[in-house]
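Next come two complexes, and both contain subunit A; in the first it sits with subunit B, in the second with subunit C.
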Partner chain A sequence: MLSALIWLPVIGAALVGFLPGNISASRARIGAIAISGVLLLWTIYLLTQFNLVTPGLQMQEYLPWIQTLGLNYSLGVDGLSLPLVALTNLLTLVVIFSSDLQAPKSAPLKRPRLFYSLVLLISGGMAGALLAQNLLLFFLFYEVELIPFYLMISIWGSEKRDYAAIKFLLYTAVSGILILAAFLAINWLTNASSFDYAAISTQGLSQRTQLILLTLMIVGFGIKIPLVPLHTWLPDAYVEASTPTAILLGGVLAKLGTYGLVRFCLGLFPETWSLVTPGLSIVAAVSVLYGTLAALAQKDIKRMVAYSSIGHMGYVLLGTIALTPLALVGAVSQMVSHGLILALLFYLVGVIETKVGTRDLDVLNGLLNPIRGLPTISALLILAGMGSAGIPGMAGFISEFLVFQGSFAAFPVPTLLCVVGTALTAVYFVILLNRTCFGKLDNKTAYYPKVTGLEQLPAIALTGLIIWLGVQPSWLVRWSESTTTALVAATPVYEARQLAMSPIVPLSEVSSHPTISNPSIH
Partner chain B sequence: MAQLLLQSVWLIPCYSLLGAALSALWFPGITRRTGPRPAGYVNVTMTFISFVHAVIALTATWNQPAQQFSIPWLQVAGLDLTIPIEVSSLTVGVIVVVAGLNLLAQTFAIGYMEMDWGWGRLYSLMAVFEAGLVALALCNSLFFSYIILEILTLGTYLIVGIWFNQSLVVTGARDAFLTKRIGDLFLLMGVIALLPIAGTWNFSELAEWARTANVDQNTITLIGLALIAGPMGKCAQFPLHLWLDEAMEGPVPASILRNSVVVATGAWILVKLEPVLSLSPVVQSTMIVIGSISAIGGSLIALAQIDIKRAFSYLVTAYMGIVFIAVGTQQTEAALLIVLTHALSMALMMMSSGAVVWNSITQDLTQLGGLWSRRPVSGLALVVATLGLIALPPFGSFWSMLKLADGLENSGHPWLVGVLLIVNALTAFGLTRAFSLVFGGKPKQMSERSPEVHWPMALPMIILSAFTLHLPLILQSLSLLPSWADINTNMALLLIWSSIFGASLSAVIYLGNYIQKPVQFPIKALQDLVAYDFYTPNLYRNSIVFSVAVVSQLTSWIDRYLVDGVVNLFGMVTLFSGQSLKYSTSGQSQFYALTILVGVTVLGVFLCWSSLSHMVLVMTASVFHQQSLG
Partner chain C sequence: MNVTANRTKLPPSQHKFADIIHRLEAGGAMLPDTPENLMQIIGLYKAYAVPMDFYWRDLLYIGEQVFLNPFPFFKYFISDEYMDRHNHYAGDDADLRVWRGQADAHPELREFMDKGELKMKLPRLAHHLWHDRINMEFAEECMRAMLWHRGMYVPVNQFDPFLDSDEYKANADRAIKAYFKGNPAMLALHKAFPDLFLEQCRQSSYYANLGLFWEVMAPVFFEMSDLYDEGKMTSVPQAMDFLVNGIFAIAGRPIYHHVYIQGECYEIIPKSKGFTWLYEAALPYVEAVFYRTAPFRGTKSYNAQAGQVPSEQKDFHYGVLYADKFPVGTAGIPPTLLAQDMLHFLPQYLVDYYREHCRGEDDMLIQLIVSFQRSMYCVTSAVIQALRSALLYPLDDPNPNHLKANRAFFESQIDRFLRPESRILDIQTPDYR
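What follows is the complex of A and B.
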């Protein structure tokens, strides 16, 4: 079942990319849409089959592969990876659907077949990394992702694409090396029989060793997320990349970093992770404030959105370090809602760039004009910006709120600083919206091509989803709740906290959970 | 029937939301085919349905105990977010007022927006406001109240920004949004911090908890201060008052709703939170101080405004300040009564000013005059609004002010009665001034051809005037007025005299010919200070806005030149030392990429070489395995 998520896009990529004969661009596009549509349907089917109360892995698959290396083909899905898989497949469809839509067809997509196969490869690789339950297998997929992304930035990017692509590649390669080193060390030092996630127990390691290994992984994943100060690849990569690449980079790839933090840092080193959280809480607050303040100063709307992403990933980090069930479920929801909102923002910015021909805040003006502007796109941009700024009624709010509420008890000051970050987010989005959507349209230059219904469709669908998840947030959090609760329950901080203070919430729900049979709670 | 409607009172916000969703179709979609008007009619109909529903439900709930029920929303990781709904005569009464005022405002908009294309947006946003206000009245939880306030903040941004191609509108919308949002986020901090110590967000349970709570004073003070920051933004209190004045750039129908009931959302939250806030004396004093400054400051600033809408809008700040004082001294009933009497009068006042501005081209008080004979409806509406807003028996505000003054006398802060009297006198003075300048005197150039407005604007004014005049009767029939025997005559006389003093002094100055026009304050600096709003805009520009801009520029500079610069330097020196200069030229870098890719591939193949033959086998097996699974 899960293998299909990996191999279907890979086979699809091969078909689209290497099928002999002269397939036209539109034929290739339809093929790619069909494949990613099937993928999304398959994901939805998996969602229906997913058992919400089981905290552990489900639908596992296991094949011994290279025993000597400890590499096994071992897949599984739980509440942490499932929402991200769904997000990946949704955004893949959005990207493929929207990438060759320009009407009138002024600039058809270059090398469409290569493009579609790379996007499908990314989708397969992401699914592989999220589903892999073997450290080496995860690493393979994690590294495989780099190649299509590198190519996508350097082929379809804008002017400074080569610089951006190289920077991206070097940074993420370093990230990969650090993670590989950590994984190898974990395997050797614990004398585990294989790299299988389940086979590894870090209990026997000394705290110092654990700390070193954990730091390696935090830096490695921190590059991917990215956390300040490891973030400088991001603005260049996001801005120079074309819209579809930016959507995939921000909506999908960045999530591998936060996923890695939760799965491998928190999951493998629960005790040591509790030690480093105070330091990381400062990193989270700094990331949020740094990202938002840097975004405030930007003149390019795409760069502004890119910096906003740095800020928003800070909330995810805050949620993962607070070690309360609420904060962690908030962090996973924030990964999803950030992915959706960022994708929507990049998409709308992309449409504005294609139609208006600029992303400069000083040039853009009055696009909300109902006759000659881009009224629908502007209206959606207002919604997306406000969603990103955490206005309730959209998915961003509830995730951020859960993170804040969950982490306030653990780290009050960083949490409040992050709330200040939300206020600043509102400031720069208002600047963006005031300049872009409001104001007077210049009648001399306002001969923009029409935005077709097909071009609006992905944005409307994403907006609808964001609002729906905001109004019905249980559809956002239900997938991950039991998994995240179990993850947090494994940490010593949680136990200590349960003993030390009278809890906020009635424990009946938490403790009645089948997996948390910790007598000390009662 | 009535019982059924009472049970389904939660449907009322849904009507408005449905109307809002329907009129969104006119943006800009079918406007070209039908014109913008149907969007408005749809919403007026929906609001009318809401109003009728609410009125019938009110009859059913009158003198009945409050009903509570809850709607499950989200349960996650031990956090239970269920929407508690409270249906009582108070909440349904609030709904009636909100829906009624919105119905009048929307009818007014039919006339006011006659020549405008933006009906779809205006009406859908007004419907959103109605839905939000109704939901706020019904919902009995701090958390959901916060959510509604935030959504209304966005609504304010959009509704002020209706005429988005004017630069003043754009800055007005921006400032309104940011000021309110900053208040909201402090409120959010308070909301988050309150849960761990109180364990609930339900207002009734919070009141219960506050009665016996034994909490750390510092903590509860900080939380209380955060909690009042949200209402401060909503109620346009000093120092978060600037936005309301700038929001007057928006269309008048929105201002009618905003100045009467939307600002009152803050007051509502305050009243609901009063038990929690009174846990800390510091918070109470803060509320009293802020309220007093806003009340006196607002009514003073109003005196010096020459823009008719602004002259009225600062009175909102003043009256909301009085509400802050009332809550600070635990006079919640008086606070709610003031909110009610203020809402009706202020809505009427905004209608009257909107009607004058609509076809007089100017909204400058000094350029208007002599409209009384030509515009009886607008003139009478302003008179009625004035009577309703100042403490003059037998009209509405007299009773609410009297109730408050009574309470203040016994509250331990008798000087607050003085504040109340000053504000009342200043308000009477300011309103009489505005009336005299617009309707009194001789017609000036701008007001020579200024006929009365047509029925869609006149009718709501007449209806609302009637309601404002009859408000005391309504209150009496609901037995909300004190009996004659219990009236504190001293206090009543003080209030009456302050009103008469303010109004007559103003009439003498502005209607009589004894004083040179335009009237100046005795001291020029004082006049400027008040006219320019105590220079708060400059203060903001030079402090907060400036520092945020500097810090963000600094961050951006550090990001570009320090963090990124170091990285680039590092990259150039170590990785490409030999050919660093070619590193960013296109052909070269692709070559590097290729070498890296080849290297990685070779390494991978090398690592797996021993078992590569094995791998083929595995792949085949996995395919078969998949088939057997599928």
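What follows is the complex of A and C.
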């Protein structure tokens, strides 16, 4: 069942890219839409088959591969990976559907077949990395992602695309090397029989060794997320990339970093993870404040959105390190809602850039004008800005609230700083919206082409989903609740807290009945 | 008026808009002479004339019948008498037949008033509340601009000073007392605040003034449209000349204010005062509506304390010739409601033309506002040429000093468009839509 999520897009990529001799761009697009549509439907089917109360892996698949290396084709899905798989497949469809819509007729999407192939490869690679239950298999997919992303930035990017693509490649290659080094070391030092997650136990390693390995992975995944100060590749890559690439980079690829933090750093080193969390809480607060303040200073709306992404990934980190079930479920929810909201923001910014021809805050004005502006796009941009700023009623609020609620007890000061970051998010979005949407259109320049219904459709769908998950948050958190609770329950900090709270209850009972006490998320 | 062989030549003008000055000196308009411009302005005159046929009737109805009604809920529901009222410049019994068409309300206007945009015969109140109607608010805003910018063209314009004269006050007082006869509350109010109803009366006089002005303009525009359709009007200067000739032909039309109270006519401003169409209505109208109007706080905020609004009303520049082309929801200028009105009566050739440009059907309102601006630049050109003709010298005058005087006049007129908000440069190109 899970293999389909990996191999269908890969086969689809090969079909779109190579098989037929001479198919037109529109046919290739329809084919790619069909494949990603089937993928999304398949994901929805998996969601219906997913057992919400089981914290462990489900729908597992196992095939011995190169056993001498310890590499097995081992797949499984749990509450951590399932929402991200769904997000990936949704955004893949959005990207493919919208890829050739916005391009003016005079400048259609160049090399469409290569483009669709790469997007499908990214989808397959993401699914592989999220579903892999073997460290080497994960690493393979993790690295496979780099090539299509590098090509997408360097082929379809804007002016400084070569610089941005190389910078992205270098950073993420370093990330890969660090992670590979950590994985190999884990395998060798623990004398595990294979790289399968189940076969690895880090209990026997000294704390110092664990700390070194954990640091390697934190830096490796920190580059991917990215965390300040490892973030400098991001603004260039996001801004220079075309809209579809930016959506995939921010909405999909960045999630591999946070996924890795939870799956490997927290999952493999639960004890040592507790040691580094105070330091990481400072990194989280710095990321949030840096991203927010940097966004405040931008004149380019795409760059503004790119910096906002750094800030928002800081919340995920905060939720990951607080080690409470509430915060961790908030972190997973934040990965999803950030993916949706960022994709929406990039999409809308892309439409504005295509129609208006600029992203400059000093030039943009009055786009809400009902006749000559882009009223629907502006209205959706306002909603997206509200979502990103964590306004209640939208998915962003739910996840941020869960993170803050769950983290405050553990890290009060960093949490408060992150709350300040949320408030500042509202500030820069008000600036963005005020300059872009409100005010007066310029008589001399406002001859923008209109936005068609098909162009509005992806944005409307994403907005609808963001609002729906905001008013019905159980659909956002239910998938990951059991898994995240179990993950947190395995950490010594959580056990100690439980003991302190109810000393007469045996430890075994505490960890076997993990629940989230906040009724608001049910 | 076209001057093809101008014997005496002046050196080229050094004005920033020298090309436009030279065009005016050659008998042209501020608007370049292109078939596209001609089509736009004539089409717009026609689309403007139909609602204008309602505006002037209703303005006179309000000035003459509604008068001081404190609750004028039905002031836009004019009587059949006013719909059938004969225009003095159209029809068989015209004083001066400008338009060859009929004297009572235009058939397109009647049809629209019956069925509206919905194309359904509903009670008039339903159409009104659904806003499926002629937007009289635009006409009232123009009237209010004239009332508010008082003292324009004095002493040439005698109408405005007359509103402050004892004679006017006495006439108004008589009418006010007659109107509120048997209503002690209102009479007491009048006694306590004598200026209250007097000011309302002045406004009412401006209703009549603008109504009488537009009574002339509607047939002028209809006739221009017909001539264009017949292929007899083929250039922008021809259109402007038609307007100039019309201005002179009708210049002496009396401007007055009569009020009908219980069947009796009260002459608040009698015809015998000798107020005329050109000096007491046309010039103040052009000045108030084309140049000045008022800063509207729609989508653009003005900071008066920062000097963004001139301290002197005469320096205002928010009129049609400077206005934003985007409808901003105002009743007056920028002409949101007028644009809505004109949209209903566009000739087919203009609809087809708009469909081919910009967003076609979706932004026709803006495209027609731009055409409206072009057509009003043509009207203003006619006024400038008419004033030059009345006050100065012919364009083909052999005396260079006279030509210099003409040039100085043109330059002083065009100086008013040196402001950055002016659209004069925009209308020089076909790309401004």
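As a convention for this text, the second predicted complex is superposed on the first by the 498 of 522 C-alpha atoms of A that agree within 3 Å, B and C clash if a C-alpha of one lies under 4 Å from a C-alpha of the other, contacts with A are read in each partner's own complex, and residues count from 1 in each chain.
Please note the rule applied: a contact is a pair of C-beta atoms (placed from the backbone, for glycine too) under 8 Å apart; a residue touches a chain by one contact, two chains touch by 3 or more.
Keep in mind it's a predicted model, so treat the numbers as computed, not measured.
Once the two complexes are overlaid on the shared chain, A:Ala297 sits against subunit B while remaining clear of subunit C.
Look at A:Leu184: by the touch rule set out above, it reaches neither subunit B nor subunit C. After overlaying the two complexes on the shared chain, residue contacts for A:Lys440 are found with subunit B and with subunit C alike. After overlaying the two complexes on the shared chain, residue contacts for A:Leu211 are found with neither subunit B nor subunit C. Contact comparison for subunit A: of subunit B and subunit C, B touches the greater number of residues.
Once chain A of one complex is fitted onto chain A of the other, the partner contacts of A:Gly366 extend to both subunit B and subunit C. Of the two partner chains placed by the overlay, only subunit B lies in contact with A:Val477; subunit C stays clear of it. In the superposition on chain A, A:Lys450 makes contact with subunit C only, not with subunit B. Residues common to the contacts of subunit A with subunit B and with subunit C across the two structures: 366, 369, 371, 439-441. Against subunit A, in their complex, subunit C makes its touches with residues 299-300, 324-327, 358-359, 362-363, 365-366, 423, 426, 433.
If you check the complex, the residues on subunit A that touch subunit B are 1, 3-4, 7, 61, 63-66, 68-69, 73, 143, 147, 150, 154, 160, 162-163, 165-167, 169-170, 173, 229, 231-232, 235, 290, 293-294, 296-298, 324-326, 328-329, 366, 368-371, 375-376, 379, 382, 386, 391-393, 397-398, 401-402, 404-406, 408-409, 412, 415-416, 419-420, 422-424, 426-427, 430-431, 434, 437-441, 473-474, 477-478, 481, 484-485, 503-507, 509-510.
Per the touch definition, subunit B reaches subunit A in the complex via residues 27-28, 31, 73-80, 117, 146-147, 150-151, 153-154, 157-158, 161, 164-167, 169-171, 173-174, 177-178, 181-182, 185, 188-189, 192-193, 195-196, 199, 548-549, 551-553, 555-556, 559, 563-564, 567, 571, 575, 583-586, 589-590, 592-593, 596-597, 600, 607-608, 610-611, 614-615, 618, 621-622, 625-626, 629-630.
Looking at the complex, you find that subunit A touches subunit C at residues 366, 369, 371-372, 439-441, 443-444, 446-447, 449-450.
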